[in-house]
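Have a look at these structures, which come just after this line.
Both of the next two complexes hold chain A, though its partner changes from chain B to chain C.
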Partner chain A sequence: MKFTYTIEGGDFSKAGHASSSVKKVLKQLNVNSKVIKRIVVALYEGEVNVVAHAYRGKIEADINAERIYVRIEDEGPGIPDIGLAMTAGYSTASEKVREMGFGAGMGLPNMKKNTDELKVTSEVDKGTTVEMTTYLK
Partner chain B sequence: MHNDFHHALVVDNELCYGCTHCMMACPTAAIRIDNGKAVIIDERCIDCGECMKACPVDAIFVEQDDFKKIFEYEYRIAIVPAVFLGQFSKKISVKEIVDAIKETGFTHVFLAEESAEVINEVMLNEYDSDRERPLISPFCPAVVRLIQVKFPGMVENIIPVKTPVDSTAMYVKKYMQDKGLPEKRTGIFYVTPCAAKIAALKSIPEDEIVINGVINMDMLYNKVYHIFKTRKGGNTIEDGSFTGISPKVLKWSLTGGEADNMKGRCLAIDEVHNVTKFLERVEDGDIINVDFLELRACDHGCAGGVLMTENRFLTVERIRTKADRIKEDLPEQPIEKYHGHLKANAGISEIEPRSMFKLDEDMEEAYRKMQRIRHLMCFLPAIDCGACGAPNCQSLAEDVVKGKAHLSNCIFIQRSMEKNRKLSNEHAIRLIEKVWGKDRLDKNCNKKGAENETD
Partner chain C sequence: MKLIDIVDKLGLKVFSNSDKLNEIEVTGGYTSDLLSDVMGNAQEGQIWITLQNHKNVMAVASLKDLAAVILVKSIKPEENFLKQSVEEGIPVLGTDRQAFEMSGELYKIFN
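What follows is the complex of A and B.
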């Protein structure tokens, strides 16, 4: 089953929309609530990253009885050094974003921690793609 | 009688005329219309009473014990929640209210929240545990059930502690025993502000039951009010343990009653839709660094309980006024002698999840059902009118997949089937009558708003 969502850069009020909706689907599938929690946390961080750092993006979640695969693709500045971006505490967040309580540099590390497979690809000045897979059992 | 998910809300089939108000108001989509009457689905109902508040003809009621049952006992004890004291004008003192309760037939009266001090201490001790944050109070049984069915992943946040009523009942029993009154001849009755409390009390395992019966608060209100209206002289039977209640105990069941006495960042949220929305956000990981949540299904806490007669804003104001008048140094209360005993026995077993969302235990099967639901949603019109007997299109699709309804219950689907000659006119009418009752479409001038409206 495929679910798609769109995200606007800068619109923090809508961040969490995709994770909340995916959560409802996983509850219906009787997925263990600890597993749901991990998936929701990772997806939420991914959404917020698009809102905070990119211009716009698209989320595709593909769910079957074994696993959830999520692909978050954005148009934005891209990440020049992915290794560095993955480091806990590293952030380029603007003052404005920090004021809103984001920008601790923990998003990507949290996504890594909470998914079974995480893949980040990026092209500077074009955009970033995050792919996450988590097994449901 | 015992059932670990007992419900207290009942539909009166004589009065119900299948208007859908309750079905649309239910926060867990637990109501359907079948054969012209509302039907409550046990697994989804949380006993919050929203349906009862929404019904235009009082067709939903809260089951209770016969008041006469109290006279089966020689010692008749009423455990009364503080909000009852807010049902009467400020000119009427607590003592007068207690006396009037006794005049209805009780020999002793205790305040339900009397043990709040003990419960407060136990909840504060939880701060040192590694329990998931925010800690959630189990005070409101409708909220506990809401979490069980809708937020099963959060049951572990609920502090496994008795509610004040349960703890107070335990105290009362021991107190009476210590006074040498035979247990067999002592009947403990709880006066409830809502359906949720009854449902919870009746779900307690048989061997742990201390309360012998439940009286609805509106019924006691009528009896007491009648006494005030027809009163000639004073009447004092025996002194209860009602003097010297603390402001904290008095305000415990109002919004903020618990949160004001907990540590760290505490929030008090009332009204079932507000609670649901807030828990959604906590579950999404969007709200962090909160230590404690006081959650109540009713607006203004128990002052907004479904069996409350008086307006909730007035109730709150009166109780706050009473609390403000209480002097600082209160005499020692009899309950204080039992503090250790109550504290040692304040624990309950962990709350179990009982998800209402899961389409099947088996994930593969649930997945297939989910696919079917999504497919059915391609055909349903997304009007959410309720004319199929389910509260919205999504619920109908789920019911169809669970084998509990037919796609053709949707009146718009019926129309397109008629157009494609897959359904005859007569058959369509039969389908409507199955959900809405026979003769439902006939002219009837007695209905609400019609020419010969009768009440």
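What follows is the complex of A and C.
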């Protein structure tokens, strides 16, 4: 099963839509609720990162009996140093974004912790692609 | 413990979903104003104590299956937050107390 969603940079009012939709699908498929929780945490953080840090993006989720594969591709400033970005507490979030309670620098670490495989690739001034795979059993 | 008992014991204001208070089971609480912190560390069934007042709070609460949100320091939920709360069926509660005091009182109930 394949699902696609679009994300607008800066539009926090829709952040979480894709995560919420994928959660419903996984529930219907009777996936273990602990596994659903991990997937949803990682996907939400990925979604919010596009809203907070990029201009626009696209999410593709591909679910089969064994695993869910999610690819989040955005057009944006990119990440110059991915190792640094993965460090807990590192954030370049704007003051406005921080006031909303984002920008703790915990999103990428949360994604790492809650996926079985995480791959982040990025090109400065072009964009970032996040790929996550989580096994359903 | 049922949410209704906690609301009664702590004298909380109920901004939404008052009809759901006796259905919702509470397992504890989590206090934070950082959304990724709650996303990463809060557990299903907990009450989230915060001063963040926008609808992303509800998105996180719903994705994490939290029991309710308590807004501290007399904060009143903004309209979109409240709307989202009704859609998700997760009550928004309120108190005049600040987060430290509110957390302490909720902690006492569970320990």
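Throughout what follows, the second predicted complex is superposed on the first by the 137 of 137 C-alpha atoms of A that agree within 3 Å, B and C clash if a C-alpha of one lies under 4 Å from a C-alpha of the other, contacts with A are read in each partner's own complex, and residues count from 1 in each chain.
Operating definition for what follows: contacts are C-beta pairs under 8 Å (C-beta built on N, C-alpha and C of every residue); 3 or more make two chains touch, one makes a residue touch a chain.
Quick caveat: nothing in here was measured; it's all calculated off a predicted structure.
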{"item": "First, second, both or neither for A:82, with chain B first and chain C second", "value": "neither"}
{"item": "First, second, both or neither for A:37, with chain B first and chain C second", "value": "both"}
{"item": "Contacts of A:136 with chain B and chain C, given as first, second, both or neither", "value": "first"}
{"item": "Touched partner set for A:20, first chain B, second chain C, both or neither", "value": "both"}
{"item": "Which of chain B and chain C A:64 touches, first, second, both or neither", "value": "first"}
{"item": "Overlap of chain C and chain B interfaces on chain A (superposed complexes)", "value": "16, 19-20, 23, 37, 40-41, 44"}
{"item": "Residue ranges of chain A in contact with chain B within the complex", "value": "1, 16, 19-20, 23-25, 27-31, 33-34, 36-37, 40-41, 44, 63-65, 136-137"}
{"item": "Chain C residues touching chain A - in the complex, by the definition given at the top", "value": "33-37, 39-40, 44, 50, 52, 54-57, 59-60, 62-65, 80"}
{"item": "Touch list for chain B against partner chain A, complex", "value": "152-153, 280-281, 283-286, 353, 355, 357-364, 366-367, 370-371, 374"}
{"item": "Chain A residues touching chain C - in the complex, by the definition given at the top", "value": "12-13, 15-16, 19-20, 23, 37, 40-41, 44-45, 48, 100-102, 104-107, 109-110, 113-114"}
